[in-house]
Structures are given as structure tokens and as C-alpha cells.
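In the two complexes that follow, chain A is the common piece, with chain B as its partner first and chain C second.
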Partner chain A sequence: MNKLLKSKGFQNASASILSIIFGFAFGFIVLLISNPANAVGGFLTILSGGFTGGMKGLGQTLYLATPIIMTGLSVGFAFKTGLFNIGASGQFIVGAFTAVFIAVRATFIPTEILWLVALIGAFVAGGLWALVPGFLKAYRNVNEVIASIMMNYIGMYLVNFMVVQTVFDAARNQSMTPTRAIIPKVGLDTLFNGSNVNLGIIIAILVAIIAYIVLEKTTFGYELKACGYNRSASQYAGMNSKRNILLSMVIAGAFAGLGGGLLYLAGSGKHIQVVDILAAEGFNGIPVALLGLSNPIGIIFAAIFVAYINVGGFYMQLYKFVPEVISIMVAAIIYLSAFSLFFREQISAFFKKRTEGK
Partner chain B sequence: MEYVIEMLNITKEFPGIIANDDITLQVRKGEIHALLGENGAGKSTLMSVLFGLYKAEKGTIKVNGQVAKIHNPNDAKKYGIGMVHQHFKLVHNFTVLENVVLGVETVENGFLKLKDARERVEKISKQYNLFIDPDALISDISVGMEQRVEILKMLYRENEILIFDEPTAVLTPQEIDELMKIMKNLASEGKSIIFITHKLNEIKQVADRVTVLRKGKYIATVDVATTSKEEMSEMMVGRKVLFEVEKGEQKPGEVILEVKNLVVKSKHSHKNAVNNVSFKVRRGEILCIAGIEGNGQTDLVYALTGLTPIESGSLLFKGSDITRSTIRHRSVSGISHIPEDRHKHGLVLDYNLAENLVLQSYFQKDYQNNGFLKFDAIYKHASDLIKQFDIRSGEGVNSKTRSMSGGNQQKAIVAREIDKNPDLLIAVQPTRGLDVGAIEYIHKKLVEQRDAGKAVLLISLEMIEVMNVSDRILVMYEGELVGQADPKVVSQQELGLFMSGSKREVIE
Partner chain C sequence: MDTIYFVFQNSLLFTVPLVVVALGGMFSERSGIVNIALEGIMVIGAFFSIFFIKTFQGTIPPQLLFILAMFIAMFVGILFSLLHAYASINMKANQTISGTALNLFAPAFAVYTARMVQGVSQIDFKNNFRIPKVPLLGDIPVIGNLIFQNVYITTYIGIGILVVASIILYKTRFGLRLRACGGRVDLRRPHQHQLQRKRPGVWLPGVGGIDLRSMETFAHPLRRFLLRDDEDHRLDLDHHSVLGGSQPRPRHL
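This part shows the complex of A and B:
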């Protein structure tokens, strides 16, 4: 028992859970202030989150989790190599456009595999988009945060431009519907009746597992982590830290790009809007990665949790909360959840103290 | 005789070490008083006490005969004490004038008034022959000029007691000559100077008296004019019972590493960090490069191991040219490196012991298969090394190296590097910061490597280590090899002369 309490996995998980509890407590205060009469009802709704709508709610949770698993992996993977990929948003939207473009324009590809080709396109495009900040960081020591923020804006405006030029639905000011390349539902739509869940969630989980294996089991992951923990030591050991930084950024970008493809080919009626707003999924990847402590498996759960809260927030409208309050509540929970790193230190310090006290 | 500064019976302790043990320093008005000692002798601590950065446990400080209470650098400035730090504290995108007035700006209605300041700067510059242009940007002027700006800053603040902390370390010989002139000039104008150094030549050149510290203790204060360099060197180094290393005779074999006319650019100044260095290391010998810290040893090792590019010259390792080889190539072909900074280079502190023990070999067939790490082999390898090298840690192979003691961290690195079965082992200050037991252990391992027919290149600052472990000594001073010696016949005093640049000879 004592060994379990002191194990690293337990301490990490309990840190994440503790920060979630704080997030909920803070969210409840927000509800109390805005609408005391319905606060308890609303709070219970958000607590029951994805369960509120039965199987449909659960399905929606998985659907919403899919893109943020990918952006969470994007941020988390880069972070393992000591890089802060704040450019997931740009990589995400560039991936999304590439997927939609292939889905709409590549009419010569058979329908059966078109969705797959489009997803691969999204994966490659996201990677290429991250190549620029990766290259600048590795070979010119340009701060990757600045470079990738700039790439976010370039990506957004370029995609707006390209949508209008190539796959524009002028009547709705958005991209065309990629009817020929919808990701298969593989029976998930009957299991979670009425939701938009599809094969994408399985792809995302598989990618997370692959990312985990790469990081924990391969020489490449060993090098990436060594480079992230201590760049000087990795150089001393003869590792090519420049190449590792570049690859790490490209892989991170590819994850985010795939996330864009998975969302916009889901057949859920979501289209690329021609508006000057950065894709939120990219930034939501940051709290997901933090909450999952950059561990790919942790990121799966963190993303599902964030999606779960969002679905709960959706159903809170029943209690006449305005969407803004719901957004604040959701944001507060996610915000405090990102404190898990802080709590982890507190917990390990607590156990250390207790051990020394004996 | 009247003293302008008296530090009487100063004792300053840090956890586990007495940095200053009952030290007395008395400086006369208008003299240049040198403070001499090896690294870690307590010079910097003593000056930090005088400057108010540390508070001494015992002892009193008197300025002009009055007891002075100095709790922080501002108090020190009030008493007219100023310091030129080893690393200058100047704002690079400010002009000389702006730097000089920084902190004591003359202000009128919230606006800077620099006219008076400019006149004073020009006047001081002329008076002491500093030749400073008040409008030059710091980023545009030379290191020597930057130092003069620091001196001018002290004079502008009307400091009477000037501390120079190893001021010549960053200067070229010509700049050093000019600095010496300026210092003499300052003294003749009535300023009192404390000159921290370990270079005996410079003391001989300018100082009136010298106080020698050794290992935190006061040794003596003597007149420079009547004391020879050899005597000062002996006072500085001391004659202590030597820590003998058991070592048999060994005949050096073939040349393993040949360094020819190596030049490495310095990252900090316009001088070459390593300047035209040539030497050979043979099988079955421990060649030691001795010298005082910061004389290019680090850059030399970086160049040999590939961490830094080489400006010119060549490296031959086992007969093949490795001048432009990658770090990995050098490592695989048989160079092991025990790095100077074990936390920066030697270990990934967040990896566990097993992962660190394959840091140089994880990519080899034994530990990976098609890119997948063979954890069984890695952990078995780690537990073998732990037994063989007696590495102690809380959780064995799973211990995070961050949680291990310095001695055991070093043992882990030594184990990893020796286990590679290298032809050349480069050990840089391998015993720094270790306790006596760990030092003995590491010395033994180095000798074992030599006896096994490996070439060992030892870089050390410790005189005792140099004398006891090595078979042959080369002395490095300001990026050049200035002397060679046989540890069986050379005296520590003579080595000290080489190390401080007082003596040099041509190395064949």
C-alpha cells in the first residue's frame, strides 16, 4: 500500500485528480455568483458531464476528445524534447485544409480510400508547417514559441485564402462539404446513437499509443527525452540534438495536422469558416498536455476529460445558464487542471516529508 | 603605520567548510596590496566580506582606524570601497558616460543632466591617462577598455579603496602592461589597491606587499621586494603530507593521440582560448595537463572530444585524422571522456542510473534491436556495473541520478566511460568536489587504466593530484603549453612558477 502511494504513477494521477477537484470547486463558485438558484443543478449537470445525454453524450465526448487528443499529443511530444509547441493551432488548421482539399478535389482517388489519403495529407501538411519553427530553432536558435505563434497567423490567413480560392462554399462563407471522404463510423454511430463519434477516436488513441511506444521504448525516444532533459549531456553523448529538435517539432506538427483532418472529415457538419480566428483546438492542446503531464496515455484521458466537461457545459443550457458563464466555468476547470504539475510537486514533497519523519 | 583598511581575525563559515579561518588583512594607504592564493583559498570570500556581500561570523573591519559596519554593498560604497569584478558589470548598449553615471545620475526635474558628468569623466580620464571616449558604446570597445571604464566608475564615485579581482585574466599582454601602469599611477595619487591574483609575475611587477592565503587560512604578509617568487609560490601551495597513489613502473607504448598546432577560438574574448598547442599521448601513460583554472584547458578538452569546433591544427587518433569528426565518431572509435561538469555534460539527471549508464552506448547492438531499446540488457548491464564499480544509490538501477551523491554520480560516469574499453581516457578534474575516499578510488581507476595499456589524459587543477597521479606533466598557461616536467623530479614550487606564467620553456 505504502509502495503504491509512493509510486510515481500514483502521485502523477493523484496530482491531476486533485487539480481537477480544485477546478470544479472554483467553477461552482462561478455558478453561485452568476445564478445562485440554479447553481446546484447546473453543477450536477457539469459533473455528470458526458453521461448527461446517455449514450449520445458519451459519443459526443469521444467525438470532441478526438482532435484535442491529437493537439495534446502535439504539445506533449514537443515538450518531452524540451520544446514548447504553441503552434498546434496553425498546424491543426493547415492539416484540416489539406484534408478537406484532398477530399473535395482529388476526385480521381476511389471513395473507399479517399478519407485515408486525405488524413495522410493532413498529417504531412501539419508536419511541414512545424518544419519552419523546428528548423529555425535547431539551426538558428530562434525561440520556437515566437516562430510558431507567427506560423499560427500565417497558417490561418493562408488557409482562409486557400479555402476561398479552391474549396469555397460562397453561400455559407465556409469550405465545401467533403462528402466523398467521410471517416467511417465502423458501427460506433449505432452504439452511441445520435452522436458524431467515428473511427477517428480509435485512430487518435492508436497514435497516442504509438507515441508512447516511441518515447518510452525506442532509441529515438531515448534521444529525444535526453535532449529535452539536458541538451548539453545529449551533445556530449554524441546525439544529434539539432536533428532531434527538428524531428520532434515535425512529429508534433504532424500530430496536430492529423487532428485537423480528423475533425473536419468527421461528417459532423463542421466546416472551415473563413473568419480571422485561430483554431481553439490547437490551444486546448496545451492544458490537455499539461493535465496529462505530457504522457501520451495521460493525454488520452485528459482530452476525454476536457471533452466530457464541454459536453456537460452544453447540457447546462437546460438550467438557463448563458453560454458565456458555461465557457467561464469550463475554462476555470481546465485552467486549474493545468496546475497538476504544481500539485505533483506538493504531493511528492508531502510523502517525502512523511517518510523522513518516521 | 596607519592602515586604511584592516580586516582583523575574520572567520566565515559555509556549511561543511570554513572559507576564512581567522584571517587578517591590513592595507596601508597608497599601497598596492596583493592577495595571493590558489583557487578555493578564500580570497573571494574575504573580499565579499569586505564588500558587504557576506557577513563574517567573527572579526572586525576597520576603515581609517574606525570600526566599520558593512552589511551590504551600499555600506561599502559609503566607506569608499569599490571593486572591479572579474566579469564586468556594464550595460552593453549604453555609452561609456551612461555606464559611469548609472546609479549616481545627476537629475534635474526628472531629466538626466549629463553635462557636468561628462566634464568630470573627461577630467578623470585625463588625470589617470585612461584615454576613454565618453561617447563610445560599450559594445564597440575592447575588453581592456571596458576594464578602464570599470576603473573610471570607481574613481567617479570617489572611491579611495579599489579592489581588483583577478583583473588580468581577460587581458592581452599589452593590455596587462597598461593596466599595471594605471594601477601604479592610482597608487601614487594616494588610492589604496587590493589586487587579487594568483600570478606571481604581476605581483612582482606592481605590488608593495602581499598577503598569502591557503585553504582558508592566513599564511603570512610579506614585502614583495624582499621575497622571491619561489618563496611566494611555496607559501601559496604549502608543503603538505602527500596523498600517495600506489603506482608501479610502466613503459609508455605507441602514440595514441597526437595534437598538432591546435588553435581554438575563445567565446569570450578576442584572444585564442587554445593557442598553437601540440602534444602526444601514449599507451600506458598518464599525461597530465596542469594549470590554473581558465587557462584554456576546458576549450582544449572540448576540441579533443568534439564539443567545440577547431579553428586550425589537427588531431590524429590511432593514426587517423579526427580533426573534423563528430562527437559520436570519436566516442565510438575509442575516446572516453569524464567531463569537467558532471551535471551539465556527464549525466541526464532525470534519467535513472541504468539509462545513464548506456548514455554512450544505447545505440549499439547490445542494447537495441531495430530501434527498440532492450531494457533487460540495459538493466543487467547497470547492475553489473553497480557491483563492479561499487556505485551506491537509494534504489539501485532505478535511482534517479539527481538523487545520488556527487561521489556516486562521478563513479557512475567513471564506470560508464571505463566500461566502453577506450584507447584514450580523457579525465577532466575527475575528483573535483569529492571526498577523500572517492578521490582515492578514482585515482586508482585511472592508474588501472594506464596499467591496462590505455592512454590517459588527465586535466587537473589540484597540485597534489598532478604530482601523484601523472607520469608526465605539461603546464598550460593562457592557452599555451609553457612547460613540461617529470613529476618525480620537479618541485611543486617550480610547477607553480610555470602555472603562474613566471617561467616558460619551449616544449619539443
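This part shows the complex of A and C:
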């Protein structure tokens, strides 16, 4: 028991949970100030989140979690290797476009495997999009934040242009529906009746587990992390730091790209809109990665958590609240999680005191 | 020739907010704080000052209202960036994380408050701050056309801030200490009190926030900015947390 309490994982998790609790408290205060009469009902709706709509709500939670698991992984994987991949949004949308393009235009591929090919395409395209900032970072020491932000805009406008050129549904100002390449539901739609959940969530979780194994259990992952901690030291130890930086950026981009594919091939009526707005999912990956402490397994739970309270926020509109309060709460949670160092010290001091007292 | 004047006047309009925000970023950067929260500070400053303008429009003469709103933006910007300062200085938190949190918070808070208070997320106000022609100076050939016609008072304030900021940074003791703080991390440790002095360095983005308003002439940025009322309003939040560093993109506002 003591060993468990002292373990780093436990302290990390309890710091996250503390910030979540404080974040919720803050959200409740915001609700109380803005509308005291409905605050309690609204807050309970947030808490019951995905459960509000029964099985449908739960399925919807998983559906919403799928893309943000992937973008969270993208940001988190890069974090682990010392990079800040703020370009998940661009990689995401480029991956999404590639998936939709293959799904609509690659008519020569048999229907059974088309969705898989399209997803692989998304994976590759996202990786290629991250290759540019990765290359600039590794070989020219250009700050990856700047480079990938720029790539976000290039990606967004390029995708808008390409959608109009190749897979355009002019009547609705959006991309065509990829009817032939919908990701299979594998029975999840009967389990979670009425929701959009599909095989994508399983793929996302599998990818997260693979990412975890690669990062924690392989030499390759160790090298990537070592380069993140200290580039010069890893180089001195004989690692190819340039290649490692390039690869971690590409892998991160590939995750985000796959996320785009998973969302737009879900068959939920989501299309690429031709508007000048960066894809939201890319930025939602940042809080998810931070909340999950950049650990792939943690990211799965963080993404499901964020999706869960978002579903709660959706239902909260019944109480005449505006769902933005969810974003406020997530922001508060992230802000407090920046204090995790402080929390961790407090927690370990608390336990130390208790064991000494005995 | 008219085209050139037009282009120049309009680029001036877009330059000033960028300059002011970049200066804010510069102060934090020089003092050793990565201020990724500029965007959020800007949004919150813009929100409060626009709200102020909407409330008091008609009761206070336009130019005075404008300047008062700028002070509001500055004040809110200071308060909001204190959150970032507290996290990164007192709590030694990861500055990227707390900055991201601020960027997430600001647009969400703005949309939430606007919709709770007035039902819709757009805040409408009348833009009557434009000065068609500065008396006397506007009559100077060429130069008058370029910088003294169709301007906002913010243009001059922005240029003034630029000058003052350069003087503060390079010619005063405060500036020297500030630069020393940022240059060598270990220098800061023995002089904790100096850290406190860095905080004022974070307020400038608030001023940038109000400057956004001057762009209203063309794109009605606030329409799109504070905020579209479509089903995907959560998108707003995100394209605002672009974390553009010191490069908030007027086009998307």
C-alpha cells in the first residue's frame, strides 16, 4: 500500500484528479454566478455527462473521443520527445482530406478494403505534413512551433482548395460523402443504439497502446525520449538526434492525420467544410495531452473524459446554459494541472507526514 | 495614387495591433517568460473593452470612450496575465501549459458571458471612431494622405507605445534588469525580488486587444470574432487558441 502511494504514477494521477476536482468546483462557481436557480441541475448534468442520454450518450462520448485521442496522442507523443506539435490541426485536416479523397475517387479499390486504404492514406499524409516542420527543426533548428503553426494555415487553405478542385459538393459547400468507405460499425451501433460510434474508437485505442509500447518498451522509443530530454547528450551517446527528431515529428503528424481519417469516414454526416477555420480537433488535442500527462494510456482516459463532459455540456443546454462553460472548466483544469508540481509536493508531504505520525 | 493611399492606410490599421501585441510578447520574452497566452489576453481585453463601448456608447463622446475602453482593455489584460505570471513565477509551472490554459479560457469565457448576458454571442456596437482627416496635418500633401487621413487614434498610440517600449527596454534601469532576468536564468535565482518586477511586462497585449476593434471597418471582425452563433461555435474557441504567439491573424478574427 505504501509503495503504491509513493509511486510516481499514483502521485501524477492524484495531481491530475485534484486539478479535475478543483476545475469542476470552479465550473460550478461560474454556473452559480451566472444562473443560481439552475446551477445545481446544470452541474449535475455535466457530472452525469455521457450517461445522460443512456447508451446513446455513452456511444456519443466514445465517438467524440476518437479524434481527440488521436490528436492528443499526436501532441503528447511530440511532448514526450521534447517537441511542441501545435500543428496537429493542419496534419489532422490534411489526413482527413486524403482519406475522403481516396474514399471518393479511388474507385478501383474494392469496397471491402477501401476504408482501410483511406485510413492508411490519412496516416501517411499526416506524417508527410509534419515532415516539413520536423525537417526544419532537425536540420535547420527552426522552432517547430512557428513552423507547424504556419503549416496549419497552409494545410487549411490547401485542403479548401483541393476539396473544391476534386471532391466538391457545390450545393452544400463541402466535401462529397464517402459512401463506399465508411468505417465498419462492428456491432457497436447496436450496443450503443443511436450513436455514431464505430470501429474507429478501437483503432484509436490500439494505436495509443502501440504508441505506449514504442515509447516505453523499445530502444527506438528510448532514443526518441532521450533526444527530447537533451539533444546534445543523446548525440554524444551515439544517437542520431536529427533522424530521431524528424521521426518523432512524422509519427506525431501521422497520428493526427489518422485522427482526421477516423472522424471523416465515420459515416456520421461529417464533411470537410470549405471555410477558413482551423480544425478544432487539432487544438483540442493539446488539453487532452496535457491532462493525460503525455502518457498514451493517460491520453485515452483524458480524451474520454473531455468527450464525456462535452456530452454533458450538450445536454446542459436544457437548463438554459451555454456549453462553453465546458471549455471554461477544461481551461481551469489545464491551468491547475500546470501546478501539478506543487500538488505533487503537497501530496507526497501529506503522505510522508501520515506515515511518520504512525 | 488613391489605391496606394488606401492600401497604406489599411495596412497601418492592421499593423498596429500586431505591433502592440508583439511588444507585449517581447517584454515577457526578454524577461524569460514564454508568453504563449498573448492570444488569450488579447481576446479577453477585446471582449471587455467592446462590452464597455457597447454599454456606454452614446453617453460619452466617441474618442474619449475609445481611450477609456483602451484603459479597460489594459487593466483587464494586466489582471488576466497575472494568472500566467503567478503560475510561471510563483508556482514554477510549465509556461506552455498555463499559457495554453489561458488561451482556452479567454474565448470560452467571452462567448459564455456574452451569451449568458445578452443571449447571442455577437456584441454589436457602432464604429464611429474613425478620424476622416486630422486637422492641419491631414492637409500636408502625400504624407497627410498616407498617415493623417482615415485613421484611428490607436495608430498614433501604437506608434507611441513602440517608441516608449524601446526607450524602457534599452535606456532605463528597469529595462536592463528585465533583460538580465531573461538572459541568464541563474541570475534570477539570487534576485527573486526582480521576478516581481517582470509582471508589468505582461500587460501590453491587453492594449492590442482593443486595437482589434479598429479593424471593424472592413471585416466586421467582431461579428466573426465574438462570435458566430452557428452550431459549431466551439470552433471559435479553437481558431482563437491558434497560439499565434505574437502573430494573431486579423483575417480570422
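In the analysis below, the second predicted complex is superposed on the first by the 321 of 358 C-alpha atoms of A that agree within 3 Å, B and C clash if a C-alpha of one lies under 4 Å from a C-alpha of the other, contacts with A are read in each partner's own complex, and residues count from 1 in each chain.
In the analysis below, a residue touches a chain if its C-beta (ideal position, glycine included) is under 8 Å from a C-beta of that chain, and two chains touch if they have at least 3 such contacts.
Fair warning: this is a prediction, and the values are worked out from it, not measured in the lab.
Legend: residue contacts after superposition of the two complexes on their common chain; A:Thr219 is shown touching chain B, with no touch to chain C. By the touch criterion defined above, A:Ala237 reaches chain B but does not reach chain C. In the superposed pair of complexes, A:Ala39 makes contact with neither chain B nor chain C.
Within the superposed three-chain model, A:Ile251 lies out of touch with both chain B and chain C [touch as defined at top]. In the superposition on chain A, A:Tyr229 contacts chain B only, with no contact to chain C. Looking at the shared chain after the overlay, A:Ile146 reaches chain C, while chain B stays out of its contact range. More residues of chain A lie in contact with C than with the other chain of the pair chain B and chain C. By the touch criterion stated above, chain C contacts chain A in their complex at residues 83, 87, 91-94, 96-98, 100-102, 104-105, 107-109, 111-113, 115-116, 232-235, 237-239, 241-245, 247, 249, 251-252.
Those residues of chain A whose C-beta lies close enough to touch chain C in the complex are 30, 34-35, 84, 86, 89, 145-146, 149, 152-153, 276-280, 282-284, 286-287, 290, 321-328, 330-332, 334-335, 337-339, 341-342.
Chain contact summary for the complex, chain A toward chain B: residues 217-220, 222, 225-226, 229-230, 232-240. Interface residues of chain B facing chain A in the complex, by the touch rule stated above, are 305-307, 326-332, 337, 339, 344-351, 355, 359-360, 362-363, 368, 371-373.
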